[in-house]
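Please read through the structure below; I'll follow up with questions.
A, B, C, D and E are the chain letters, set down in written order, and residue numbers restart from 1 in every chain.
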């Protein structure tokens, strides 16, 4: 073959193998999102229909208390869950990395909640936090009559009750990711730091953590994707209550679409979620995948 | 033929009632394939709608009687059953004409109403009042007055589940039972926001304020858990539709002896007629289509109606039945129906969208003591103004 | 003079595996000691024990006369340079140099002084604000040394600091390290498995094998009077040529060959018995010069490796292969008949059983 | 000190499991009276029997057992297909970069953040148009689609960490796209496949929404029964039955975790997190 | 004779970065060509282009007279050995050897024959059932060569096949590769940045820099007559010594020193003007021998590197540093005054501006 082969057939097999990915990306994710955005400008109720209403759905969305509460909840949950799962996950991983015995046992214990669905997690924690049966009752039972611990029944605390369960379920995975990252750090770095007389905590904080950037990024993607989708846990644990104290955007979307039978409103809310995700992600995606090539 | 019927009747009384339908339908030589999905209509409805719009419909499905399926019918995804209704003369047998009307679009009948539910009931626990040492109240005012005593006895005066629809339901009971049918019609049917914002509604909101205070200690989610508090005497009473009676029956409680019911909260004896209806998605299979008609016929038949509603605690949709077994509470309900003191339920008057907005408002009002009745009323009036 | 570092009866095991066994070593003030040995012989382990990075199983370690056996690494007065450099990747060069000092609470002005001095010595002043990722291999190496330098300590420990670099750079930096030692005059322990580095840098070399020190001596001693066959073979490239044979009054007999060993300086008086006779390639002369040597043989060129400066030739002598180092201008062809000669005085003879030098 | 901390934290993680197990072994009266942390006075397996074989949803009173095989039937092919496709994607992205591949990949990753609920409707339409709605195939495809972003990310990172020379050597040896994938990459990648398998088995086995929306009742997975058991309250919540049902449902992923937990960390360490 | 490999006007860019620029190269049948150059000069890139592992931007590649520019790697009739060996970890040695053949659909008996032959040549018969993880570095290296060998091709490509090994093993395997070439007699292209390897293995060496071939010639030519200053400096360790000065009728003048260049073989007739005068350390003689040379200087020893076989000495001559290679037995002390002498005929002189050989 002396002529340059056509660009199109170059890597043909790779392209064929990528068809499912391309279809998923273009048709499902991109197509589905565009469809959603388009129909967010309609007055669709139970079924999608092309009755254009401009920005009405968005006006209503931003005038709805429940949506605002949902956003606020997601922000609280998201920020705290990110911080705590990273911190707890990292601390656990650091402890596990001390060449301890029974590492397998501990790791399995920290990881097993991840095997359980959010529905199950929600259910168990709903029960543990139920003032009539759970922790509060038990502690009152042993004599502390005035002990109060009923986060799920206190509108101000309920979202933290959900956070509690979410962390229980998710930190194990974060720990595993962090542990893998720690294992990837060159031993010599530790030795150098010891020779320099740097205390362990400082070594972690100023040297090891900055070196684990890629691990943190992967972890961040996984945690954040989970946070944005937060739904099952809330439904199983509080159903959005008490009142609307634990409503979250995904639930708003779902309820609007299927309970209120106001697809247009649901789509508008989805679009807002999508837009915020993209705003957060595009710069990062560009840096991670667009700019650099493997050498 | 095997027909798959999806529904969300999964609580104890409900499941027993469905079994009666299944038995009756199986007797025709067909088979009832049960597609129960628990967790109330909010879980089940998206599944049903998805399947119908996705092109894989079930043979029949429950929806609340009202506007929930309106668009599916308009989109031509449902089949009419007019021929059965006409052949069997349903129009003459129906207890309240409104029930069939809301199943009708362009002169075609699309659903079989299977029961009549009314929301306006206050269920009281005789045991709780006995233990608190006070007589069982006869109306809302007495009930409110009895609150402190019950609390002293370590009971929750009013049991109320923490789900939005329960709060919204209780509120509309207050509107009809304390405000009367005119106010109810102005607000929910005519969607008159001035009335909703006006002086007539102020006492209702004050009652709602009292209601939330009485309900403050009930830490349950599900309506039937709340009912259970009443059954066990842990709570004084519960505002809940007549389906609650199914739970009392399951617990072998006797109306009048173990529990007391106050239709219209004991004040205004008006009931709203809502209920469940069965719709029939359009199927391509002819044999199944034929069986759908058989099913419709069975659902409306006198025997099935009697058996189903006895178990479910609701009222049958036929007026030509002999309710010999009806208990005290059912009789009271029947009497009111017979007097024609009925109004259409909000499900038929307002869209699910508006309904959801009201639910959001009410659940917030109930759980957030900082929200004043005035604020709530203002927001309520806004929703009514925008309602469709 | 008091030794700078003393190691007494050092034992170290990883679980059941004993890596260092009853090891003793004294290193003088300002000495440059190289630990040389093949992979896995325990060089890094020994260095880590000295640095305090491994907890020893038994024995004692003194640095500057102080028993530091259970001291923290940072308190031992040592600086260490690692094979992978172990620079802190997210800090600038300056950050790398100062991190330890800041942590030890050294005053700012003092830090600035020390960094300036180290940067000057290592000529890395223009790099102070770069991150390690933006440095070449040689520059990173220098920064790693700088990090030890600013600590102002008496003892420097190097663990194969040049082995990740390419040949050219390795040669240059070798010279720099040598000069650094001459400038600073502090004690240095240097681990390597490259004998050129060992030979050129060391005041003394310790050849290790299986956790033991086989020979400790100056490069010259080790090169010319290896204590045993392992050392003799390990040092020198191409390796020493060995004849397997027997030593008696007549001299050395290996199958068909027999030659005198007169002039050989026996370690403990002349011995007889089975022995290895070893002679280095560069001690074998060829051509006219060969004629002047006590022992003369002849062989055919079997492989020729011209290095430019020298030419290595492998000769077939009977069934033996013998490497010879010739002048860079000699270019024998394969198959050429070549006369060789050597002086047994420059050979090394080892006992066949103990492999110890005779 | 380290062990102390670890043990305290471990207790926190174990507490819910303990409560679940203990509760599932108690009778209802005992639950109503007592303390949730107290061990059962009288051990009864009735809740387990009931959860597995007797609990009712609507008219069907055969508990979780009816959903178990459905779950297996859904999970096995879904896990298989989603891993197969995602690993191919990762492989194509890491070793056969073609123009535009990274754009698709970026979209895919953003897709990981889209709440499932948002996609419910478009997918109903897509499946309907493809004629797959309601079939097991449709559900398997849905699982494959939603597993794709994260799995592709993991595989791409993993395959990127495989030395490029290996790939070149295989090309010189005449292996093509598929040859390299099956003969070289697959056998080298056990750890990452274990990671992917664990993630997918957990996700798919525990899925409720897709299982119920995209299939018919005869194919409903176990979680639907679980939801029904847990959510159809008959008067008092039967906590013991709920807990038994919960444990039974979680058993399969739990077992997989216990068996392959070691490979999991190794797999992640082997490159899944090297961004 | 028709060249085995011809490269015509090869261009290769990664995006905007042009790595190979209009490169032409002919490699004869059975020739051993070494590509030598510092890191990043494009050696691997060129090799990958020849192998077909990189799509070239422009130009043509012929192997055995056939235009293979757009051929698949496996169809080019080449075998390749990688730096990291790139053995398939999950296959046995035998599996590694046969993988390519099975892909090509070679009959079973034929495969068995070829594997047996390769295993015999490389002496890896006992290893055939082991996995790569159970092999030592040298053995892996041999298996990697075996994988190219069984392909029965005319051209072997090696990309720094020895650079991951330690010095000792490197020397041994170098010899083996040389012998393999003598046995097989096929064309080999060998990438390295180790000049010892290049000098000993190559029939011809191509010195690369920044994607260009600076000089292509036999090791001897490159060593003795480097085409430019870069090559002169790159080859040889320690590097050639350079005097910065001026060439005129009187000879070469560098500040205070002046000496004759009579006997120097100018490339294109004698030239005058600013120039570099370069002389290799091993061409500088010391002591008595120095006296016999046309040019004589004197300096003080500044650094002494005893290598055993030789001793490298750095002298300070005025403000210049000059490396000298002395006999292994000479052990000058630092500060010693040393007489040196050399013959300008053995020097290399380069133009100051173009740095080309004069």
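General remarks:
The rule is simple: a residue touches a chain if its C-beta (ideal position, glycine included) is under 8 Å from a C-beta of that chain, and two chains touch if they have at least 3 such contacts.
All of these numbers come straight from a predicted model, not from anything done at the bench.
Between the chains A-D lie more C-beta contact pairs than between any other two chains. The rotation relating subunit C to subunit E, fitted on Cα atoms, comes to 180°, given as a multiple of 5. Averaged Cα coordinates give subunit C a centre that lies 56 Å from the centre of subunit D. Averaged C-alpha coordinates put the centre of subunit B at 91 Å from the centre of subunit E. Spacing of subunit B relative to subunit D, judged by their CA centroids, is 38 angstrom.
Looking at subunit E, one finds that none of its residues touch two or more other chains.
The set of subunit D residues that touch two or more partner chains comprises 120-121, 125, 227, 230. Taken residue by residue, subunit A touches two or more other chains at 10, 254, 257, whereas all remaining positions touch fewer.
Interface residues of subunit C facing subunit E in the complex, by the touch rule stated above, are 38-39, 166-168, 171, 174-175, 178-179, 193-196, 199-200, 219-220, 223, 234-239, 280-282, 303, 305-310, 312, 314, 325, 328, 331. On subunit A, the positions that touch subunit C within their shared complex are 186, 188-189, 191-192, 194-199, 202, 206-207, 210-211. Of all residues in subunit B, only 4, 6-7, 9-12, 15, 18-19, 22, 32-40, 43, 46-47, 50-51, 53-56, 58, 222, 224-225, 227-228, 231, 247, 250-251 touch subunit D in the complex they form.
Subunit D meets subunit B in the complex at residues 56-60, 120-121, 124-125, 127-128, 131, 133-134, 212-214, 216-217, 224, 227-237.
Remark: subunit A residues 45-47, 64-66, 130-132, 150, 153, 155, 239-245, 254-262, 265 touch subunit B in the complex.
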